[in-house]
Amino acid sequence: MKCVTLFRQDDHCWQMFGQDPDKPDNIVDTNQYLVRSGDSAILLDPGGMEVFPAMLAALTREVPVSHLKALFLSHQDPDIGSSLPLWRRVCEPDIKIYLSWLWSSFTAHFDREATFTTIPDEGMEISLTPDLRLRFVPAHYLHSSGNFNVYDPKAKVLFSGDIGAALIPKDKASGSMFVADFASHVQYMEAFHRRWLGSAQARDAWCAQVSKLDIDFLAPQHGLVFKGDDVKRFIDWFAGFEIGSGVAAMKR
Amino acid sequence: MKCVTLFRQDDHCWQMFGQDPDKPDNIVDTNQYLVRSGDSAILLDPGGMEVFPAMLAALTREVPVSHLKALFLSHQDPDIGSSLPLWRRVCEPDIKIYLSWLWSSFTAHFDREATFTTIPDEGMEISLTPDLRLRFVPAHYLHSSGNFNVYDPKAKVLFSGDIGAALIPKDKASGSMFVADFASHVQYMEAFHRRWLGSAQARDAWCAQVSKLDIDFLAPQHGLVFKGDDVKRFIDWFAGFEIGSGVAAMKR
Amino acid sequence: MKCVTLFRQDDHCWQMFGQDPDKPDNIVDTNQYLVRSGDSAILLDPGGMEVFPAMLAALTREVPVSHLKALFLSHQDPDIGSSLPLWRRVCEPDIKIYLSWLWSSFTAHFDREATFTTIPDEGMEISLTPDLRLRFVPAHYLHSSGNFNVYDPKAKVLFSGDIGAALIPKDKASGSMFVADFASHVQYMEAFHRRWLGSAQARDAWCAQVSKLDIDFLAPQHGLVFKGDDVKRFIDWFAGFEIGSGVAAMKR
Amino acid sequence: MKCVTLFRQDDHCWQMFGQDPDKPDNIVDTNQYLVRSGDSAILLDPGGMEVFPAMLAALTREVPVSHLKALFLSHQDPDIGSSLPLWRRVCEPDIKIYLSWLWSSFTAHFDREATFTTIPDEGMEISLTPDLRLRFVPAHYLHSSGNFNVYDPKAKVLFSGDIGAALIPKDKASGSMFVADFASHVQYMEAFHRRWLGSAQARDAWCAQVSKLDIDFLAPQHGLVFKGDDVKRFIDWFAGFEIGSGVAAMKR
């Protein structure tokens, strides 16, 4: 599994893990993000149980598992968090697990013994260390009913979950983890955004909200990271794209 | 775990399992449905891994596990299907697993080895036995992007997944598995429908679609079963109820 | 997996499960025994985790899992009891688990949450039901340091664990679960008894002890069941066979 | 979990892990040993599944999991190797797993997918790296039928498995991982050696064999490490101690 650094300043850093060459084709590829400050770290969308071994091996090349102080689940999907009981098994018992209040009793079906710190609908701010504050930003219905992004105002990174996701065929992968040419990248985002995301109101509210943020990296859970001007390009594209195509199947 | 029979005619029957008294409070309660015909059976929304032992024990009081020929997952949530690898471990290797095409590579994060029979957006019909046909009816964005109900035209049962779900406080549970008084049941459905379900267009399309079906039992994955006139009462209530309340959190 | 009945009188019965045709070759074949009386049953040497699905499917064709009131582990080996956490997951929480006192803190490494009812060195007697009494008979060092057989004086069955085990090549299997011709069966027992069993004193004490029992079926955990006169033939053969061949490897 | 270094010279080192303060009392305490040379490491008796999380956390404070090139199982017990499928899940797929030929098809009941490199009865030598050679030394019937020690001629460490084991009550633990006063340590070894080990011939052969080795550290899987003159003291004590007390239970 690859590991690239999005941001590093002193001991504050963002690392992105993904594109495991050994991943079977029938499993959707995911990105995992590690935000570190000193000996503390939080893992964003730790991934499915099938990605756990590769992710753990990759992570321990960077930090011992004992540095993990928190996990964050953007929503309830299996590719986001079915690894939860496995992480809990190797982490300290007091690890914090952040999740929308909406999903805590559902996600307990991954792991009944887990204790969640639930996030209210409007989001909240946490301090991983006194110097490192992260904001959980609401992104409900995109696609999940209870869904959060993570914003780091110092690193100017927005972890955007499924928003900005791209499903890139294996033979089209460049090997890089960054969008190189926005225009040609759009084709890999279209089908996903059109079909998976269902609420235009939610999309409009999200675009208005994140347009106010200062973002250098917009980092989704699938596909590639947008940086620099591509961040605004993505928001503009998404704001004008028609979504919710699945409704048509019921109108027959 | 309780087991009640919704419909039985010759060897064709629908059984509902739920309300396990030993279920911990931090886990959302779920209903599982078994549709049988002769020595063949399909389990609808088999449930989370935490409910697997109780569900297996309850199921084997009715049929040996070898009778299970198919599983159906209405969508990708952990309370629907995190038990998948456990069921696959006790069932025949050729068991069929039905799931929206949308979620197969995501749900592989529960169980990489599973082979899914994917359902197209418009749904499809299967024959469990020559006499027993089930129709997978689209219910996308309610709440999941790729989401199906199951309709049995002979038994007149609609398994409606999260549509019609109620979260009933433990001290308000009557012990019955059926809605007794629709008007007083509404209070347990409101918060869930308002917040979890996000697309009014999808809701309208669903109501139009199922209004054409002949339904004696509308059976959700959480809460109680609607029967007789309460089926229409529910559809009418849902058609006029405001949903998507989570968007407001982004409009600050 | 096959199931044959060794003994049945009224509702008291012994059933043997084994010879799963789908078992991979790299896993040693095991026999599991179910002793039933009314709605109560005990499973002797439930088997490894790899045999659990097939064994559970076979068992539920005979009884619901809720009938299982007890498990017995003759000793600590993985093929005997690595399925323990899986069985505990599908059985009632108050299921009894019988095991030598010697191994309880070791076998907790299969399953920390299990509560064992430990058997003292001299063995003990249990009543599965008022009519059905089973005796745990010591067989220490054959091969395990803390090891028990199970004797049923009414059914005249001795479950002998690894004593009497045979490793039969797949192409020599007759399909029957009983020894047909003792003389030709010896070749499949020799290597195992010579190398796995190490203490001639323990063997002598065991032979003296079981010679006093009235046994119609001597039923091992691997290979075939001895019945009728073959029981005495086996005991006589074992009493005169040289064991402990592994010591030689240290005398170089 | 504690970690102490037994030997270090250049990049060749032996580390011992054990005495986890959070270990529940019902689980026997175990020592795990990591032998490293450069970026290669072998883990001796990786432990039970219950100790896996603590052991993994402790290990990743020393090396990334990707450095593990091999596992060694002295014998088939749950406290030795029920963690096998968990280690295989986090290690590279080509990790080597060394085990007596006797137990490979039994230990497959922990993990059917594991590929074992089997050790013949007389033992064998491996090169972890060109500079680091380890010898697997037979110790059959002490207590397991197929059982190996590990000797490192350069570090002069003998990993002795259950030989030399001590079960030390929690309130008698000094906190050190080394035997301080041999005479007072004997009391914690007696019951285990007398009852668990059954073959005086095997013991005699083992004592003769290891007396020829140059040993600075005799390191068992339970209890404390013997160093310096205590190594010979232990071998002499063991040579003269009566074992096999369990046979008496059959002579009634």
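Letters A, B, C and D mark the chains in the order given here, with residues in each chain numbered from 1 onward.
Please note the rule applied: contacts are C-beta pairs under 8 Å (C-beta built on N, C-alpha and C of every residue); 3 or more make two chains touch, one makes a residue touch a chain.
Note that this is a predicted model, so its numbers are computed, not measured.
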Shortest walk length in steps over touching chains, chain B through to chain D: 2
Chains contacting each of chain C and chain D, listed by label: none
Inter-centroid spacing, chain B versus chain A (mean Cα positions, whole Å): 28
Between chain C and chain A, distance of the C-alpha-averaged centres to the nearest whole Å: 51
Distance between the centres, which are taken as Cα means, of chain D and chain A, whole angstrom: 43
Per-residue multi-chain contacts in chain A, two or more chains: none
Arrangement of touching chains [line / ring / star / complete / other]: ring
Touch list for chain A against partner chain D, complex: 22, 52-53, 56-57, 60-61, 64-66, 89-93
Of chain A, residues touching chain B in the complex: 24, 26-28, 47-51, 76-79, 81-82, 102, 104-110, 112, 121-123, 138-141, 143, 145-146, 195-199, 201-202, 205-206, 208-209, 244, 246-252
